[in-house]
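The same chain A turns up in both complexes below, where it pairs with chain B and then with chain C.
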Partner chain A sequence: MRKQSVIFLLMVLAICVGLVTLSSTSFAKEVSYLSLADYTGPIAGLNVPADMGLEDYIKDINSKGGVDGVKIKFIGIDTRYDVARAVSAYKRYRRTPRLLVVNSISTGIGKAVARLIERDKRLQIVPGDGEFQAHIQRTFIWGPAYQDAFAATLDWIMDDWKAKGNSGAPVVGYLSWDNPYGREHLRGGKEYAEKLGIKFLPPEFFPPGTLKHDVYLTRLAKAGANYIHAGGVDPTPTNVIRDAYALGITKKIQMTTDYWGPTALGIGVHAKALEGTVITSFYQRGDDSRNNPFVADLWKKHRGSMEKFNEVYGMGMSWGMTYVAGLTAALKAVGYDNLKPDDMYKAYQGITGLDKHGIQGVCAYSPTSRRGSLEVKIYRVKNGKIVPITDWRKAPDAVSLHKF
Partner chain B sequence: MIEFFQHAITGLMIGSLYALVAAGIVLVYKATHVVSLAHGQLVAFGALFFWLFLGGLGLPFWLSLVPAFVLTALLGLLIERLALRPLIGQPLFAAFLMTFAIFIALEGVFVLYLKGETRTLPAFLPEGNLDISGISIPINQLISFCVAVLLFAAVSLLFKYTKLGLGMRATAEDHRLAQSTGIIVKNIFSYIWILSAMVAAVAGIATANVMDIYYMLPYIGISGLIVAICGGLDSLLGALVVGLLLGFVENVGAAYLDPLVGGGVKDVAAYVVLLAVLLIRPYGLFGLVKIERI
Partner chain C sequence: MRPCGVFDKSYGLDIAIIRTWQHWVILISALILLYTFPLFGSYYLVSFMNSLAITVIVVLGLQIVSGYCGQISFGQAAFMAIGAYTSAILTIKFGFSFWIALPLSGIMAGIVGIIGGAPSLRIKGMYLAMATIAIHFVVIWLILHMEITGSFKGLYPLPPSLGGFEFDTDERIFYIIMTVMVIMTYAARNLVRSKVGRAFVAIRDNDLAGEVMGVNLYYYKLLAFFVSCFYAGIAGSLWGHLITVVNTEQFTLMHALEYVGMLIIGGMGSIPGVFFGVLFIRILNELVMFSSPVLAKALPWLGSSPAAALGLIAFGLAVIVFLIFEPRGLAHRWEIFKASYRLYPFAH
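For the complex of A and B:
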């Protein structure tokens, strides 16, 4: 009996050792990417298609054998736009082997996780917080900073104002979410407006999910705004512009939005209200994105028909391209066995000029730059479609105008 | 002055939505004495069902409305039969917590279905604005407002002049006494949840017409709950009056106080009203004051 027990225990032990060996072999060469994303909350409309693009891109890379034989593991966590949930998720996953990049999709979350990233000597990417350009650390921005892109919008506003035969400078109103994202554009953007001589009205802020925005729009219109910039992640900007349209404001005042304004997918239903809206974007929008073969092919391969195509998908792909370029450089520098998150941080600073197949401008990461790219393109909603009205143009450096 | 009236009218339009949401909560409370936290989900699902037929399947307005009502009513009935009926005889707090659990469970289904996307209702009401002496009123919202007022009138009449309404009022007064007169109280519970769900569907469709169908929609239930409490949990009139009042206070307050206090009035107005009402009239503005012997 005793002998049988010993044999049984030895067999169990052998199976366990076998399983451990097998699993460590199958995950022998793997690196991780953590996405702290909002899949079910106020910015889900942005996060879901973006992470779809990233995941599909990673799947493609993995199916081709990975990066120099190293497979990429995508970990997506639903934060519901909640900073506490995101911080807790990061703490839970920070010990994941070879977790090289954390994408904190929210300005508030990015700020909160940044300290932990510094402590762990890791790398974080965030949407557009200019603070990380002002104080160079381990946090990188997806494109130009929010304030840079807002400054580009102001440049366009000045051009448009003059093209309409006006002299002097216009009056510009701003309304957005009452949170770090909503306020970020103004930290440098406001100074840039002053520099251009634009009269910038006191900004209006409201929480995500506000039913009607009439009060804020009426106040800005009454104060004499010629242009109103509607912030927030869609559907918020769409709903703000719908309200403005219902009030008859869009007839007299030009509405503008940032990258998270209406997508081609959402414009169909509110085409009338959104007509003429100007969108400043650092990634391709509308048919520009739909006609980009690199983006369209991946979508068709993984998602089928282009009927439900969302241009944010392309932006997610560009995160993947950056990751792959960084990983390639890091592997070349130290090899897989010595690879640490800090090596990825070093590698990201050296991928300056990386071409992203036209989805956005070339990568501008360097030891002194945390901007993912420097260019923006201005689009306009025309006959229910998003059409470009400018070529790629360099966004002004508004970050340096603000004291952080 | 025109500006004031513009803000006031927009506020009343929003207030009518709050009132509609609150009406469903009041209906359930009137007959069962359960404060339903799940109501926001019924509102959201009502809108979603309507969208499925109107936007998803492309059916005409009336053909979309009927199945949306039926499905929402069915959801209300299921909640009552499966989750709340087993709790009859248990402390009311258990039922209250159960409605919270239902909210969370249904929220899971709601967000899982939406997958982070937004569903927009195609325009099913006339668009454009009515201009009255410089005051602009969106026609679709004016229709929503009129529907809300008519619905309140219809439900009040049902309560006052029909046999079913009498049964509901009797049940609200005293379950045992109602049972002793031959009223099947359990059936009344079912009917009231069906009615409440149908009112929620109207509220959901009207609200989704303004803010689309996305994860925030169920949370209008919180505003509805505040209105119901302030109006008096058992008063339909209270729900209507306080709903309109809250919309008015939020909008006019934001218009004139925001510049003085630096913004945010709209976010806190409802809670300030709730606090003030509860301090002055704990049973709500139109609620029945109950004096209990100790």
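For the complex of A and C:
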């Protein structure tokens, strides 16, 4: 018994020593990137492929010698969409030497970490919360704000309404998660709808994780909606539209989604139901992304066949491009030895116009802009594929319409 | 069980929590260690201890209503939210001091808890559990749809201050959180030994027999809910002022389920069990969270996301294995351990 206990203790000790050794080994010159991501929770469908793209991009940069000899360390933490876990993780890593960027993936997490970020004079990137554009601080968003993209959808709705030979303005319904993300679109988006003269129905909200959306959809349909905008991160919009299809709503009402709308995965499962759905995206979708040689080459190199390709992968790559551009500028400004997170913050404000190989519009970060890009592209699901129906177009500034 | 050779020679000694000089030495040493921890503990460990202590307070409340009184509750996260929002509203919108807002948050949560606990007068077991889940959703819905709570935007309470001294870092607020935790633990320990505590246990073991013996079921059930929610409210207030941002995403049903899990793993009906359960789950959680990047580094072909999933699987396995081999909770294991050394040199 005692011998077994000693062996067991030795094994535990060996594992601990191994883990400590592994976690402490580092390159001579290294900077870090912390991803507070959701790998196993409600938005894992978005996070997993996005961080795969980022990781592969970083691997590629490191294999080529890094950025001016400085290697990038990727730290991916699974927050499970939980604010407390994310804050705990940030506190664990905030004193990591040269931790330059934190990607807080969730509107709630971004808000909770923002104060610590300000205190640490660091920068964080977050999905699309327009509040960070309204109050310029150290939080940058990935693309246009949610309300900007929603306003672009409303523009398209107006065009479509007129193209169908209708006069006046359409009636638009909105349903999304009952959380800060779900309501963010309306802070500016609602004002934009009023500006266009659109009749905006009282929005419907449901808890994340809801499996059936019949009640909300029926209410919007009965209220006379011509268009329904389905929010939530995929698979939620896919499930909402699946329910709308089952109710026969999609025959009369045009469904639209934001940039977390159906991906190839959802369309593969519910192709019939999603047919005709319109997606407003700030990053390339469908075959646009699949045929982007820059994206496809990296995927094939690290993941093999394109069969399981997910377009969110490209968006992850664009985070990597921004990081590399910022790091290059920061190293040029202060050198590796003097490099502090604050230098990266300054550098991010100067990478305006950075080309992202067509994955998304050019970088719009500047001292007065926290938007990752200004353009969106409108896509439609046609014959089970996501095809573009517009070129890149500038999303309206809906953030400035709202009093934050 | 008394250690060998230790006898209760007076009534005072019989009811004492701390009976021997060894107990006093351990207690004082532990308190010294606790209060000097920020002097030698890393920033991360201090912040981890803060969230650990807040969780202990929430689960202590749950232990009283579920572990001692036998009323299953999945509403603890919602009651914590009530405490957090009450404190934030009182301090931001009405200019109250944190020191006044703290107990008021507990009272507010307690009052709502009485309303939430009302179904326990008519239903029990899984039916009551379902009712408390409904309460969770009602509370969160109300918070999201009220103007005073900041709706979905949430509120931004400030760190506590005392005479111009700001408790604005984890190291500083540590002392407030630990002091509250110690007081709340002491209060819970005493409550369960009192007439009220015995009434709770009577209701848990056989409510009908308890009623026949003169235990007022309605009064004591609602009292258990009040006390439990008071604890949750206090924890919520501390959490809000620690993290300085309060929104509903911080108080989900998953958190409520986790608190119940902590109770089961620690041991139902035991105050030390609360500490064991919270420590076990939180440490396991942290290990899983931080071993994922290490795994991803050791096995680069795996990538970060699958490594995180492996961690989750390991977490689930640990809980299952634990429940199979120690279904009565860690507190039971601790009792066996205590008995073995207290009876030394005799076999137990």
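Just so it is clear, the second predicted complex is superposed on the first by the 378 of 404 C-alpha atoms of A that agree within 3 Å, B and C clash if a C-alpha of one lies under 4 Å from a C-alpha of the other, contacts with A are read in each partner's own complex, and residues count from 1 in each chain.
We take it that a residue touches a chain if its C-beta (ideal position, glycine included) is under 8 Å from a C-beta of that chain, and two chains touch if they have at least 3 such contacts.
The structure displayed is predicted, hence computed values, not measured ones.
Undergrad: With the two complexes overlaid on their shared chain, look at chain A and say whether chain B and chain C clash or fit.
TA: clash
Undergrad: Report for A:Phe74: first if it touches chain B alone, second if chain C alone, otherwise both or neither.
TA: A:Phe74 contacts chain C only, not chain B.
Undergrad: Applying the touch criterion given at the start, work out whether A:Arg115 contacts chain B, chain C, both or neither, answering first, second, both or neither.
TA: Once the two structures are laid over each other on A, A:Arg115 reaches chain C alone.
Undergrad: Report for A:Val334: first if it touches chain B alone, second if chain C alone, otherwise both or neither.
TA: Neither partner.
Undergrad: Going by the contact rule set out at the top, does A:Leu211 touch chain B (first), chain C (second), both, or neither?
TA: first
Undergrad: Between chain B (first) and chain C (second), which, if any, makes contact with A:Glu55: first, second, both or neither?
TA: second
Undergrad: Scan A:Asp178 for contacts with chain B and chain C and give back first, second, both or neither.
TA: both
Undergrad: Looking at A:Asn47, would you say it contacts chain B, chain C, both, or neither? Reply first, second, both or neither.
TA: It touches chain B and chain C both.
Undergrad: Quick one: is A:Val87 in contact with chain B, with chain C, with both, or with neither? Answer first, second, both or neither.
TA: A:Val87: touches chain C, not chain B.
Undergrad: Just checking: does A:Tyr39 make contact with chain B only, chain C only, both, or neither of them? Give me first, second, both or neither.
TA: both
Undergrad: After overlaying the two complexes on chain A, where does the chain B footprint on chain A coincide with the chain C footprint?
TA: Residues 39-40, 44, 47-48, 178, 205, 207 of chain A touch both chain B and chain C.
Undergrad: What does chain B use to touch chain A in their complex?
TA: My answer: residues 3, 6-7, 10, 13-14, 17, 111, 114-118, 120-123, 127, 129, 136, 138, 207, 210-212, 214-216, 219-220, 251, 254-255, 258-259, 263-264, 266-267.
Undergrad: Note which residues of chain C are touching chain A in the complex, please.
TA: 43-44, 47-48, 51, 137, 141, 144, 151-154, 156, 170, 243-245, 247-250, 252, 254-255, 285-286, 289-294, 296-298, 300, 303-305, 307-309, 311-312
Undergrad: For chain A, which residues are in contact with chain B within the complex?
TA: Chain A reaches chain B through residues 38-42, 44-45, 47-48, 178, 202, 204-212, 214-216, 218-219, 222, 234-235, 238-239, 246-248, 266, 269-270, 272.
Undergrad: Show which residues of chain A lie in contact with chain C when the two form their complex.
TA: Those in contact with chain C are residues 19, 22-23, 35, 37, 39-40, 44, 47-48, 51-52, 55, 59, 74-78, 80-85, 87-89, 91-92, 94-95, 106, 108, 111-112, 114-115, 131, 178-180, 182-183, 205, 207.
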